[in-house]
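These notes open a run of structures that come right after.
Shared between the two complexes below is chain A, which has chain B as its partner in the first and chain C in the second.
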Partner chain A sequence: MRLHTEKNLPAKASSGKRGLWRKRIRENKFAYMLMVPTIIFMMLVHLIPMLEGIWMSFLKLNQFTLGKFLKAPFVGLDNYIGLLFNSDNPVRQGLNFAVRNTAIYAVIVTIGVMIMGLMMAMLMNRDFPGRGIARTAMLLPWVVPSYVVGVLWGFMWQQNGIINYFLVDVLHLFADKPFWLMGPNTIWAIIIPTIWRGWPFLMVIFLAGLQTIPDDIYEAATIDGAHKLRQFWHITLPMLKPVIAVQLLFQIINNVYSYNIVATMFGNGAGYPGEWGDLMMTALTRQSFGYWSFGSGSAASIMLMIVMLMVVGVWYRAFRTELNAQ
Partner chain B sequence: MNTHRKRSVSSFLLTSLTWIIVVVTIFPILWMIFTSLHSNNQILNGITTFSLPKPQWVNYINMWDTVNFAIYFRNSLLICGATTLLAGSFAVLAGYALARFDFPGSKLFGMSIISTQLIPGIMFLFPIYLMFLWIKNTFGLPMINTYWGMILVYTAFYTPISIWIMRGFFVSIPRDLEESASIDGCTRFQAFYRIILPLSVPGIIATGIFIFLTAWDELLFAWVLTTSSDVQTIPVGIRLFVGQYNTRYDLLMAASTVVTVPVMVVFFMTQKYFISGMTAGAVKG
Partner chain C sequence: MKKTAVSIGALLMAFSVAISGCGGNNNQSSSANNGGVKEESSATAAPATPSTEPVTLNAWVMPNSPKPDADFLKTLDPYLKEHPNVTVKVTVLDWGSAWTKITTAATSGEGPDLLQLGSTWVPAIASMGGIDKVTDKVADVGGAEAFLPAIWNTTSIAGDSEVYGVPWFVDARAIYYRTDVFKQAGIDPVTAFKDWDSFKGALEAVNGQTVDGKKIAALGLPGKNDWNVVHNIFPWIWAAGGEVLTEDNKNVIFNEEKGLKGVMFYTGLAHEGLVDKSSLEKNSSQIESDFGDGKSAVIISGPWLAKNFATPKANGGMADMKAAKNFAVAPLPAGPEGQVTFVGGSELTVFSGSKNKEATWELIKYLTSDEAQKAYANVSGQLPTKLSLLESPDLDANMKAFSEATKYGRTYPAIPQWGPTETALQKHFANIWDIVAGVKGTYGEESIKKELDSAAAEVKAIINQ
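And then the complex of A and B:
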């Protein structure tokens, strides 16, 4: 109603709008008070460090200038140029491999957890003996801390470990026991534990999503003669699409920023897994702290953030209709 | 008859498949516990039998002596506990504000909360590390190697996502409750405190467990911001342990079991709340 009168009186609109704004702020005083602690903490540990990080990416910050912090010499875009074009840059060392591995890792883990999670949610949505126990047991990997996942799977992947025992001595899949923690196999040594730990959570989310789909839709489809696969494709997937969209984004973000499993699985805790297991986070932390090269480190993390913003943009365009329908 | 039979066969196959996956899924955890009961020589030779000769409970005693595990444990409990309390309370307050009020800036606030999740932790790591050094040099206030430094960082990190979970939970509580309360003469705060809060206990528990589990799992910041074992947390302790005694798998598996089991117990005691709380936000959006 109020908006209508404003539209009819353009001369007064600006002052009226400001008055309305002020009134709404006053009316919502309680809401603002509820947010004060959050805003203070987010200023201290999100906003300020982020602005500092952006500023630091233009500074020459090494072991000599570290003490000056934000007053270190300004070098413009040198850190960015160094990262992109100068292969001698210490932070650049091995970054190509880390970027490649992170891309492979994030894509395979994300697809893997989504498919496993959905499949298990559908299996668990049936009635079968021991369903309660099975469902609880399934959640166990999710509660295992990820640094334990690194240690535990690093132990199991060993050449005389239990995984090779199953693969070679029981199933005879390979002639010789492969090395999982060396060479190109390394990437599987980090992908599989991450999927193992990640999918139970998606199972829980998808199971809750499945239970919101009314049974009569499936009954009607069965009467119409639609078989299970068609039902899955035309009912289950579309109904779950909003949930899938949100979880997809969270998974991509989590996996690109993954650190713990690699850090505890390799190099006796030093976290260097070689060319085929190094991820962005482990590589950047190791190189930046190893060479006290925080300017380049900040520049690299800003570039990573820009790439992630583009990923989110693509994601939003792809799922816009589902997200707005909610 | 035929279709009935076909259905029961396929049902049997699906159930078997489910149970096979269950067994494969929990196997690594059982293997961890099983390994932790062996002597280190047995482990290094490779365990390939599933019968246990003589449980080496002594591993569970030695692990506390070899490393200062008790201190790591205390530090983790303290830091994660305080973080849970602080971030949980902030999330309850701000989540309620976001769920119920359409105030100027609410869209911006909601958006910035989501977008914090996009920023790589490492983006904060360098500035926070240098800022902590700078605060020490300028004001003489130590930040690195302190409980409050870690609690400050963790609280700020886990508040945004927790706000989102709490918001989802508050949205699912009908608005009529507060409206009828205000007719009965309650102020907004009283309506929140007396009516909404008691109803949101499952959501609060879920959020609390979520924060605790995430903080219990954090390694990167703890690794950089703590260098003295007085404040180091379990993840750091385990990583140092791997570095120092990388062939002592007996102790390593015992330690891994000890840090995993309490979390599991807490989780399964509160599972019901946790799952309903987490999915309330995730499914309903």
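And then the complex of A and C:
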């Protein structure tokens, strides 16, 4: 997040005067030349498909017009209006569930992986025999491909599966074996495997963050009589705040755009995850490739993108000081 | 400055992830969108006596048999020996990603020569201009009279006389039951599958029979997490006298009284405890292996399962399972308005972007010859599509039962919008299974009717687009 080039810039660079800009470009000519291939590549793989996606959201692009692709009939904002205001629009009915589920899913998964990751990082940050092996073992869920996670947990969640065996036959938590892959419980059936797979990554990041906190701060705090909890609140958390801020954003974006685990858990993508399992990405995929309604699929994607930009804005305001402190 | 750098970084990231969500997924012309497609192998017939110009044909097929590419080439072997100038390159698509791959090909014009399509896909791809008309050529393969009518109907778009494909193989659904369990319960299989009442009576009698010290459920059926949700339910709607659409394909009627009756009977079997409810979370192949394991006495499946039961475990089959030695095949019971089953299958089409259309048609001609039809049915466990072969006396008892089933087999209206229609039905039928399982509202005519009505409203919007 910190650009090295800043050190090369004149102090008053941000004043915006043309002469200064020109001077700066001249001075950093070589650096800009190095950036050219990246810019071209980014245009090709990011900007052009994005503009194409935005254009598609204004088209009546369905199975009959797909052959014309970008020359399909232009319908202006019809796709957006249908999604937002037409209550008979079948897509909109489905999207309501997907929006609700995605919000619940993204918030719980993000909080879950951050807390689990931080706890495990603090545990692994202590010195104990076999620490190296333990750290490696902790990474295991993370290296399992998400496809495999979906299929495996899909089996485990079945009514006669291993999870109900533990919950009901061993722990006697419920009188009857609940369904996890049908009905309202589905949301837990997709949240828990995602947390299970996601936290080791956070552990690694937080572990790296913890190791940058100098030991003498803790020593000084101990001498001053601060107990462990106080040290956590007043040293560990504040020192980790920049890392936490960045990871928070990464996790929210990642989880809102989550697809693999849910899609593979429910009939290998063929099934419908249900009113409590459908996420934005599974809904959009069904919209585009199931209903062959590529125009409104794109419109929904663009709206999601706008919402995510707002999330980024809120995030930036919330963590402005941490991100700018150096 | 620092502030801008950070926010630009964050913006870029949000953009790039959003893009992989919309641009990447929706961009039909992107050639990177070929997940799940693998090119397997090719066979070259040595050009010993080059009678004509050498030609390479690309064929896209689905995993129809245990070794899809090798089995396909083996079927073609006699033809390739006779035509040493022809080389066939096989690409195996999987059903999950095939649709994306094929529509991409249809819109870009870059694709195979020979293309296998699921029977319900033909009208859609034809309406996109992805496959060639073969109307004036079908006489070469015997024309409409030579093939099973239910599957021949899907070679055209409804209301249009042009023909776009030739049926390759078919499958039908029928009942698999455990002969030993029926004997133990004292049920005569001859009368058990006569009609809905006798079927239900038989299920009640075998339900909970103790086999090898374990209680067996009467019926195994997949619920919503399956790729056949719609095919599983429609035979019951048809048998009750319901239809998907009116004859002119303009109005939706499966949610009317007769359709509801069919859905209530089928889901009622699960509601009344004749089905182990845990099976409602499973898919067709899990249900098949549960039947193999002796967890249920009856299931509904296609001819491939009989083939599976005859294949040793070492070759990926289920011959070692208990049910493999104690099963028989029976027709679906007749409903109040007749006996109906679902017939699916695949067709062979000439891709419109092909540069070797003549040679491709020759290949299709060979694949629909008696010799190739028999050979392919044998490796795939599917049924041949030609009536002469379906009536052939060399079929074994199980295949005969399925061949019998094709006679009262039906499929969906051949409308180009069938793909989206099936997606909509799948979603609402999934909700019906939630109701049956007791995790969404109360099971009853009222709740099921409501779900069927909202399915009908959605389907109506799709067919009128």
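Criterion: the second predicted complex is superposed on the first by the 275 of 326 C-alpha atoms of A that agree within 3 Å, B and C clash if a C-alpha of one lies under 4 Å from a C-alpha of the other, contacts with A are read in each partner's own complex, and residues count from 1 in each chain.
We take it that a contact is a pair of C-beta atoms (placed from the backbone, for glycine too) under 8 Å apart; a residue touches a chain by one contact, two chains touch by 3 or more.
On a predicted model such as this, the values are computed, not experimentally measured, just so you know.
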{"item": "Partner touching more residues of chain A, whether chain B or chain C", "value": "B"}
{"item": "Which of chain B and chain C A:123 touches, first, second, both or neither", "value": "first"}
{"item": "First, second, both or neither for A:218, with chain B first and chain C second", "value": "neither"}
{"item": "First (chain B), second (chain C), both or neither touched by A:204", "value": "first"}
{"item": "Partner chain(s) touched by A:316 [first = chain B, second = chain C, both, neither]", "value": "second"}
{"item": "First, second, both or neither for A:44, with chain B first and chain C second", "value": "first"}
{"item": "First (chain B), second (chain C), both or neither touched by A:188", "value": "neither"}
{"item": "Chain B versus chain C as contact partner of A:301, first or second or both or neither", "value": "both"}
{"item": "Chain B versus chain C as contact partner of A:97, first or second or both or neither", "value": "neither"}
{"item": "Which of chain B and chain C A:52 touches, first, second, both or neither", "value": "both"}
{"item": "Residues on chain A lying within both footprints (that of chain B and that of chain C)", "value": "46, 49-50, 52-53, 56, 66-67, 69, 160, 250, 253, 257, 268-270, 281, 284-285, 288-289, 294, 297-298, 301-302, 304-305, 308-309, 312, 326"}
{"item": "Footprint of chain A on chain B - complex, ascending", "value": "11, 14-15, 17-19, 21-22, 25-26, 28-29, 31-32, 35, 45-48, 89-91, 93-94, 96-97, 100-104, 106, 109, 112, 116-128, 130-131, 133-134, 137, 152-153, 155-157, 159-160, 163, 188-189, 213, 216-217, 219-220, 223-224, 234-235, 238-243, 246, 249, 252-253, 256, 259-260, 263-264, 267-268, 271, 275, 278-279, 282-283, 285"}
{"item": "Of chain C, residues touching chain A in the complex", "value": "1-3, 5-7, 9-11, 13-30, 96, 99-100, 103, 106-107, 124, 127-129, 223-227, 229, 277-278, 280-283, 416-417, 419-420, 423-424, 426-427, 430-431, 433-434, 437, 439-440, 457-458, 461-462, 465"}
{"item": "Complex contact set, residues of chain A against chain B", "value": "21, 24-25, 27-28, 30-32, 34-35, 37-38, 41-42, 44-46, 48-50, 52-53, 56, 61, 66-67, 69, 120, 123-124, 126, 128-130, 134, 136-141, 143-148, 151-153, 155-156, 160-162, 165, 169, 196, 200, 204-205, 208-209, 212, 242-243, 246-247, 250, 253, 256-257, 259-260, 263-264, 268-270, 280-281, 284-285, 288-289, 294, 297-298, 301-302, 304-305, 308-309, 312, 326"}
{"item": "Residues of chain A touching chain C in the complex", "value": "1-3, 6, 9, 13-14, 46, 49-50, 52-53, 56, 62-64, 66-67, 69, 88, 90, 94, 157-160, 177, 179-185, 249-250, 253-254, 257, 266-272, 274-275, 281, 284-286, 288-294, 297-298, 301-302, 304-305, 308-309, 311-312, 315-316, 320, 323-324, 326"}
